[in-house]
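Same chain, two partners: chain A is paired with chain B first, then with chain C.
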Partner chain A sequence: MKKLILFFFLFFFVSTVAAKEIIVCHECEISSIKQAVELAVSGDTIRIKKGLYKEYEIEIIGKSLTIIGEDYPVIDAEMKGTAFKIKADDFSIEGLHIKNIGTSHTSDNAAILVSRSKNFSIKNNRLSNIFFGILLERSENGIIEGNIIRSKARSQANSGNGIHVWHSKELIIEDNDVQGVRDGIYLEFANNCDIINNVCKENLRYGLHFMFSDHNRYLENLFENNGAGVAVMYSKFIEMERNLFRKNWGSASYGLLLKEINDATLKHNIFEDNTIAISADNTNRIDYLENDFISNGYAIRIRGACYKNVFRRNNFLANSFDVAYTGNINENEFSRNYWSDYTGYDLNKDGIGDVPFRPVKLFSYLVNTTPEAIILLRSMFIGLLDFSEKVSPVFTPAELVDPQPKMKKIKW
Partner chain B sequence: MKNLLYLLIPVFFISCSTNPQPIDYGKDSCDFCEMTIVDRSFSAQAVSKKGKQFKYDAIECMVNDLHDHSEGMAIQQVADFSNPGNMIAVEQALFIVNDSLKSPMGANLAAIRKESSIASPQNAHTYYWNDLITYLLEKDSLFGIE
Partner chain C sequence: MFKILKYSFFDLVRSSWSYVYFFFYLLLGTTLLFLNNDLSTAVITLMNVIIMLVPLIGTIFGVMYYYNSREFTELLLAQPVKRSSIFLGQYLGVAISLSLSLVIGLGLPFVAYGLFKSPAIWDFIMLLITGLFLTLIFSALAFNIALSNENKIKGFGFAILMWLFLAVIYDGLFLLSLVYFQEYPLDKFSLVATMFNPIDLSRILILLKLDISALLSYTGAVFKEFFGTPVGAFASLGMLVVWVILPLFRISRVVKKKDF
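Here is the complex of A and B:
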């Protein structure tokens, strides 16, 4: 026991003595970050003072360092390559402003590249005019928090992703603000990640993009005016809650694109002013609970091979089309939703309409087969067609009904 | 009526052209996976004999989309990885599979010109168009199996 205490004492003693702080500034003894990294050993802190540092390819291999920027020192990579390349455990990078990462089509230049690392944090950095922002590969257990990422993908039509995660797991991506890149946050083969309270705006392709990534959650994020808000593709067990999808507007634009995904839940999300709020293709066992669909072109467009999807207690408010459907009903269920287009009555006053609601309009069926027909939207003729179809459904799937439409908007 | 006829004449000419329309990067979406096409190094496109345009964000998407009806295509071309933005006909392309090529749908696949200086067909992971189809469809790379 005594030996153990002595051991711990010695360990503590040694580790406190060994950890030193290296200060980098233009007038200091050490004036470049590269030099500081070379001098540092595991456990050291590198404190970078305000100033402009024209450096790139800063490699940190096998050293557990804490890098802190004071008043956002600027690291200018001068379009020459990756700024930081890190392969180490237990490191952190905080408070830097990294800019001018050159685009390339053969190598993925990034502001911060993290490879085969564990237990790290990348916090409160500013990245501007970048190709890739934070690129993680084969890493786990990291926190990426409070970073502000800006680039000009829209004008250049050539860009990498803001936060790019590949073959990694157990990451927390929180409070980041990503604008003007290809995909705001991109996950490929990434499992058990939490993506919380981020803002993804004006990105060229997607705000958030999952490929082959299972068991992830994204909560309380804002996706606005991206090519499409979120794309979830070829993934399983994704939880999507309390997100806001706004103004994803354009001919190939979606709020949320679901493609080949299984066992997911969508709860308490708001979809507002999107061309297509949700497009679902090959999705199985998805629960849509208590979401709001407000003023979208299409609220939900279901394409082929969707099985056992449940839509319950959602609000459909003033969408041009509430539901568009291709193919069979396939055990999908709509119940107890509120539809602003519902014109039925409630004689027994139990809050549930006495007449079932059919959310698929004949016209949406027409538009599906002949997209050009959309110019007839809101014409009287179409109104008549829709009405007659409502009375006696011929073309629209007869089973696709909400048998218990709510009379009042659902509060959740 | 006559005016209408004039209006329609150009339509007849336009509709049957099998010239590939250039891909509008950042706007067009893939006809197979629906992703917006953004990367000039990995895209692909096809035009059917009747003039219908198909555009893809990745070569693997084109292969998977067209493998059962590719005989109806007048044109099939893929992006030249060594010269992004330029397209090459599939017959003139050499396809490379390598982990460092991060193509959009996870097949790690890109194309270059056969006669290009970096093309070395001895390499085990290069394919010509016909072999590529067999390779991709056997591997089923689109569904997350590396």
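Here is the complex of A and C:
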């Protein structure tokens, strides 16, 4: 027993001694981060004091370091390359301000590049004027939290993504704020990631972008005024809940763009003032439950090859077009939604309208073929046309009905 | 002219039709607000009503008043009063009393509901402005038709037809031409075609306040540039003014020569 206590004591002693702290500042013995990284061994902490450090290509390979910035020291890469290149397990980077990452067409310059790493955290950093912000490749089990990323992307070809994840898994991306890059958060071949409570605004292309990424969840994020809010492409088993998609508008803008998606759930999301709230192309087995579509141009636009999608208990409020539909009905189902355009009645007072609602209007069909016809929006003639189409559908798919429209807005 | 305006105005204000009109709007506004519980959706629904009903009521009222006050007009013509001022006075009497019913009838429930604290106030004001213009335009057009037709039935028929044409048929033809010529660039054409119909024009003006996002994305750059700028807004309001002035001009010209 005594031996055991002694052993523990020794172990504790050794480990506290081993984990030394290196302080970097302009007046200190060690005045550059590179130098500090070279001196450090696994388990060390590097504390960077306030100041301007003109450094780039800081490589951390195989060392589990804790890098802490005090009062946001500025690391200026002077447009010359990547600031941090990390290939290590169990490291963390916190409280740095990294700026001026140059655009390159041959290499993916990033503020923080992480490759083949595990168990890391990147927290509360500020990145500004960057090409790529945080770039992860072949990594797993990381936390990216509370980073503020700002840039001024002008064209898609000359700009990078805020948080770019490639071939990684089990990441938590939380509370980040990404503005003015190409894609706010980009995931390619990334599985089992949680994307929670981030803000993506004013990005050139998408707020959040999935490619070939399965089993991910994104919850409680805000996507505002991006080229498109979220694009989910070629992915399976995605959970999208409690997100807010706002003001993504423009001639090619969407709130949520779904392409070749299977088995996803959308629940409790709010879509407000988007040109097209959801554009679905080639999507199968998607459940849209209890979402709010408010004042969008199109609430849902289905572009064909969509099978077995279920729209249930959603609120469609004051959208110019609730549903635009191309192709056959294909076992897609609308039921028990609330449509603010619904004009039917409820004789037995069970809260469900007695007359089925047809969400596709003739006018939306016309506008698909002749875009200029939109100028007749809400004219009386169009009202008559829509009415006659509603009574006896000719152009719009006859089976596309909500047989049980709700009489009152659904509270969820 | 103002004396005649005053007489026609008070005559109309005392008539039950003005009250019917007034109470109709009051009821409409109140029920809409109670049903919707939301100012901005109420404004959208109200737009559909205004676009359709205000011109219709303006037309019918104008024609009716002209034919009904014919004896009074003949009496006035025997007096040393300028002809144009007789008719313009009568016209203004009708137009103003109708406008008052509209503004007060709709305004009261909305103000009671708390319009001044809502961001929808500008939409609502736009709604009232276009409603006023439509009243002015369609009662002027109605006076024109009544002046040119001695036969009451014919006059009513033409007036209704004119309303039907501008409110419904015009859009039908418009849509038909858009679909038929869809191979060609249609932006400028549709812009001009909209300007030539006061109902369409008012509809667009209100829509720009409401569904602007949906509109912008699918009409192409011409609409966006034109209606989005102050120039576009002024041009469209100017067009509405022209729609008021032209019929009035014709009234004053016709009555100068006309035998009664």
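Keep in mind that, in the parts below, the second predicted complex is superposed on the first by the 395 of 412 C-alpha atoms of A that agree within 3 Å, B and C clash if a C-alpha of one lies under 4 Å from a C-alpha of the other, contacts with A are read in each partner's own complex, and residues count from 1 in each chain.
We adopt the following convention: contacts are C-beta pairs under 8 Å (C-beta built on N, C-alpha and C of every residue); 3 or more make two chains touch, one makes a residue touch a chain.
Source: prediction; values computed, not measured.
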Fit or clash - chain C, chain B, common chain A: fit
Which superposed partner A:Arg205 touches (first chain B, second chain C, both, neither): first
Touched partner set for A:Leu376, first chain B, second chain C, both or neither: second
Touched partner set for A:Lys259, first chain B, second chain C, both or neither: first
Partner chain in contact with A:Phe237 - chain B first, chain C second, else both or neither: neither
Partner chain in contact with A:Tyr307 - chain B first, chain C second, else both or neither: neither
Included angle at chain A between vectors to chain C and chain B, based on C-alpha centres and rounded to the nearest 10 degrees: 80
Lowest C-alpha to C-alpha distance for chain C against chain B (Å): 7
Chain A residues contacted in one complex by chain B, in the other by chain C: 250-251
Residue ranges of chain A in contact with chain C within the complex: 249-251, 253, 273-276, 295-298, 317-318, 320-321, 340, 366-367, 369-384
Footprint of chain A on chain B - complex, ascending: 25-29, 33-36, 38-41, 81, 84, 102, 105-106, 142-144
Complex interface listing, chain C residues touching chain A: 40-41, 44, 47-48, 51-52, 167-172, 174-175, 178-179, 182, 186-187, 190-191, 194, 199-200, 203-204, 207, 211, 213-220, 223
Sites on chain A touched by chain B in the complex: 105, 108, 153-154, 157-159, 166, 182, 188-189, 204-206, 211-212, 227-228, 231, 233-234, 250-252, 257, 259-260, 279, 281
